[in-house]
């Protein structure tokens, strides 16, 4: 494997992939809704790392495309976190739990 | 409002009062609109609005009257018109307009003056009614519409106002609609007058189609001006009638309905169910006079084709006028007969009104406009006086209307007694001092000279006898003798007695303008100079006629006194006349069976026709409908079977399959977020794998 | 591939793993903060100064705090009775592993095709600012709208049932 | 970024650059390859030494000053006039037992003060403390500063949560809510300066203000938007550092001591240090952004060394902090939040608009008039709006009399 990891970009990409997988795993195996959100944040961050890495090692860093993607993604993630956690709190108020396998009613 | 616009038919200079004439009906109508918006607590405002607006109309009427009189005094013919185009359709157009001539002027003054007095009287009479403002709203609307009838120069406009008058009459008769009898009376009045109105409208349509205009006077081209009349009187309408005669008869039918002439008089006595001021205003002074006024207004049409003497005096008569005369005379006697045996104070007056209207019609027929109209004017005053007096009596006797339960009121209600007696004597035609004598005498004189037949004359004389008789009976019952009611009577308040006094004054004084010595009224209407000379009495036969008619009146009064004077019979006792000649009593008591006659003829026919129609509906048409329905039902059954076994079956099967499939799919939609995420991840993996494999080099 | 990269990668992944595996929710939140910080350092390592600081400001300063607040408001700091992992944790693990495998495979299979540009890009904050209000002004505006909407939405969602009596 | 002093006199130049020269002389002993690292280490050492010393000084001054305000003497036992009191306090806190509650989360409990102090120290790295005296001249220095400031919130939460104490947790939650609310204001009021300067680099911001018209400097506080921004910044800074009148998180009467209730000994001292360092750093930033950083207040005073001006301004700010603490009563939580979101934040946003107006109206007196009018009108209107429906009864001094 080390022989194949000849470029730093591949290293960053692998780290991002692993982080993504960790986030996905967290979102899949944990019962708490907040942790699912944490997992999603991790996945988003892994994507950001990918974007930054591609920007850094890509052919046109001065075009700033990857960087901008990352910055916008960070901002969107902030909005996503705010709304997501607001939803979790609202659901908690409604059902008195944040455990996802208990929250499977499709109507309020 | 009417503007000086292009739609104005060019006029010769109409005086400013003529231009403003429309205000006379408009102001009360607008006031009615305002009053309609008022709530019950605003009684004073409502009555003030109504009387104020009518007072304004009276003022304008007086101005118009003075204008006409001064024009007449200067020897010029006053007939000023203002007209405007209301509708265009195709080549023809409908003009509406108003006219100011002596006839309209005198009517305007009469209607607004009597109306104003009755308005004032109503303030006292209706003081305790809970629908006070509604009453004044209707009264105002009525007064406006009636004034509109008076000033109309177009038969169509006249007809509109005529119908508004009919409507308000309906509303006012049925004012106490809680009483079933009042509601029924209102309905009866409305339906009965409609019968006449249909003919009237037919006449209007015919007139329009023949002459192309509905303006009565329009500088020589109006529908009742010589140019049109010459055409109309030469056209033949069959049955030996000219078109003019036929149209005149149709219009007269409307007048018959409105004025309660013989075949259609049945609604008028029943209309006494309304409040007494209404009876006075509508069913004595003004509305019923509208029919007479209508005949007077279209008199040129009535008399079209009348042969004239060399000097221009009428030398014969026309079919229309003959019919008018006979109908009037017959009505006069017929109604007077019924009045003899009535016990309701207002009903007696109602039949007396019918009878007097007959006199007016006969007067129009035999003597022309002036004769009939003079009786109309004097009658309006003394009949209003009588009705208001009766209202005062009813009010004082605590809503008692049966004359057998009254008596001796001359002590309790002296003012009412005096004024009522004046009215009664005027109505009877008591010689010399009372206006009724002169107006009635004019009619009798004209009838005596009528060239066609003497029948009407004798009928009218007989009617005068009957009139004196039944009025004496009534006064004896009500005011003389002793009190037979339950509660002591009391005199009415000032607001009611003052109008009585004013009317009483005019019931006496109006005779002055119509004596043979100074025939001012006649000259005024016929546009001749009025001269005063005692020679008027010296006409051949006039003195004899006056004497004989006076004798007839005295005979009637004496007969009445003979039977009823100071008797004070108990209410349950049979009538004095009934005791002496019982066979004569029953028919008039039962109103000569006219209602019953209608019951077994017209109404029975309608009932029979209705049952026939009902049978047709049920059996014939119903059967056909049922057959069609059955056919459709059969078809529907077939359809249903098809649906159930064929369409539904297939559909159900499909639905079952779909819902099963849906169930399978729904099990994926568990509502568990992580399930979705899992599926998503697996899908991504699968997708990537497929992608890579497919793009392998 | 410098040692610093390995260090930071290890820190980040450890933070991520800890945030997923730790029992206590607050610990998870703190661990994810470590992962965020590690990522920020990785960004700095990639010469993306601005993105790195923005990452710290937004993720550590805002998102982590939000998560912590949410945990406390939903009493998430108490340990649940039925365990922290769902019953199907094994399935989830396999799926996550499969995803990683696929992605790793994809990365490694395309190493030769990956572009290589080792010069350090000279990008200043000024450039970023110019790009933001120049070429990327439309996304910026849309993002501003999105953030406003999200703020309002979050407030409404969170206060929605306040009126209902508990 | 190297700037040269305005004064030409070599003595003053050398005095101005004395610390820079000292550092350069010291790293001269190192091999060339290690010199940048050596410079960094020296800078860190300087910061780590100077600011805690300043902290010690400040505590004694604060206690003395508060005593003066409250009509008492203050510490007076240790040393002349009690001047060695901080030393005694330091020794005491180092020797006291470190108590960790039994149910506390020991690791987090231990990490919290460290995280606080470290992140606060990090913030000093980008502050220019004198001409050419900045540890890291970072392109996005301001962003770095705020990033570090944001991290302190987490430490506060860690401390409050890990103590397993209601008061601690409540204090922490209050502190975090308050800090987040006011951090927005802090950032936005700083953005105004960035808009004018066009840079996030703090040395550049100072350099932009180091100019004079006549004898008067071009400090941003002397512009309408700068004054408004500075006032908003000062309010937000007070709240951000949990100082009175915004010291609810540590309100003794309600929460004992807020999030560090369960801390004692050295950890408590670290918290104490961290708070004061935060105060220094935020004052330093305010000085840098609005008060011209190390530049002299009047052009003829430029001979005095720039570091003197920087620290002088910082200490003046600290004095104002102490003064406010001795003067103003504490707010209520709802008042605090309402003030933040309904007055300070909208006004700061408006200030941004005004700043843009200033930037694009060009030179001339018009922009002074327009900007002043807008801000004054907004201030009056929002003040009226905010006070509507508020009724203050006559103040009662029943207990004071």
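Note that the chains are named A, B, C and D in the order they appear, and that numbering of residues resets to 1 at the start of each chain.
Quick note on the criterion: contacts are C-beta pairs under 8 Å (C-beta built on N, C-alpha and C of every residue); 3 or more make two chains touch, one makes a residue touch a chain.
Every value quoted in this text rests on a predicted model; they were computed, and no experiment measured them.
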item: Touching both chain A and chain D (chains); value: C
item: Chain pair showing more contacts of the two, A-B and A-C; value: A-C
item: Rounded Å distance, chain A centre to chain B centre (Cα mean); value: 93
item: Separation of mean Cα positions, chain C and chain A [Å, integer]; value: 5
item: Distance between chain centroids, defined by C-alpha means - chain B, chain C (Å); value: 94
item: Rounded Å distance, chain B centre to chain D centre (Cα mean); value: 100
item: Junction residues of chain C, two or more chains touched; value: 50, 54, 62, 69, 86, 88, 91-92, 95-96, 99, 103
item: Two or more partner chains touched - positions in chain B; value: 674, 678, 681
item: Every chain pair meeting the contact rule; value: A-B, A-C, B-C, C-D
item: Contacting residues of chain A [partner chain C, same complex]; value: 1, 4-15, 17-26, 28-32, 34-35, 37-39, 41-42, 45, 48-49, 52-53, 55-59, 61-62, 64, 67-68, 70-72, 74-83, 85-90, 92-94, 98-101
item: Sites on chain C touched by chain D in the complex; value: 26-27, 30, 33, 40, 49-50, 53-54, 56-57, 60-62, 64-65, 68-69, 72, 77, 124-126
item: Sites on chain A touched by chain B in the complex; value: 24, 27-28, 33, 36, 100-101, 103-106
item: Residues of chain B defined as touching chain C within the complex; value: 674, 678, 681-682, 684-685, 688-689, 692
item: In the complex with chain C, residue positions of chain D that touch it; value: 105, 108, 138-140, 143-144, 146-151, 153-154, 157-158, 161, 169, 173, 176, 180, 183, 198-201
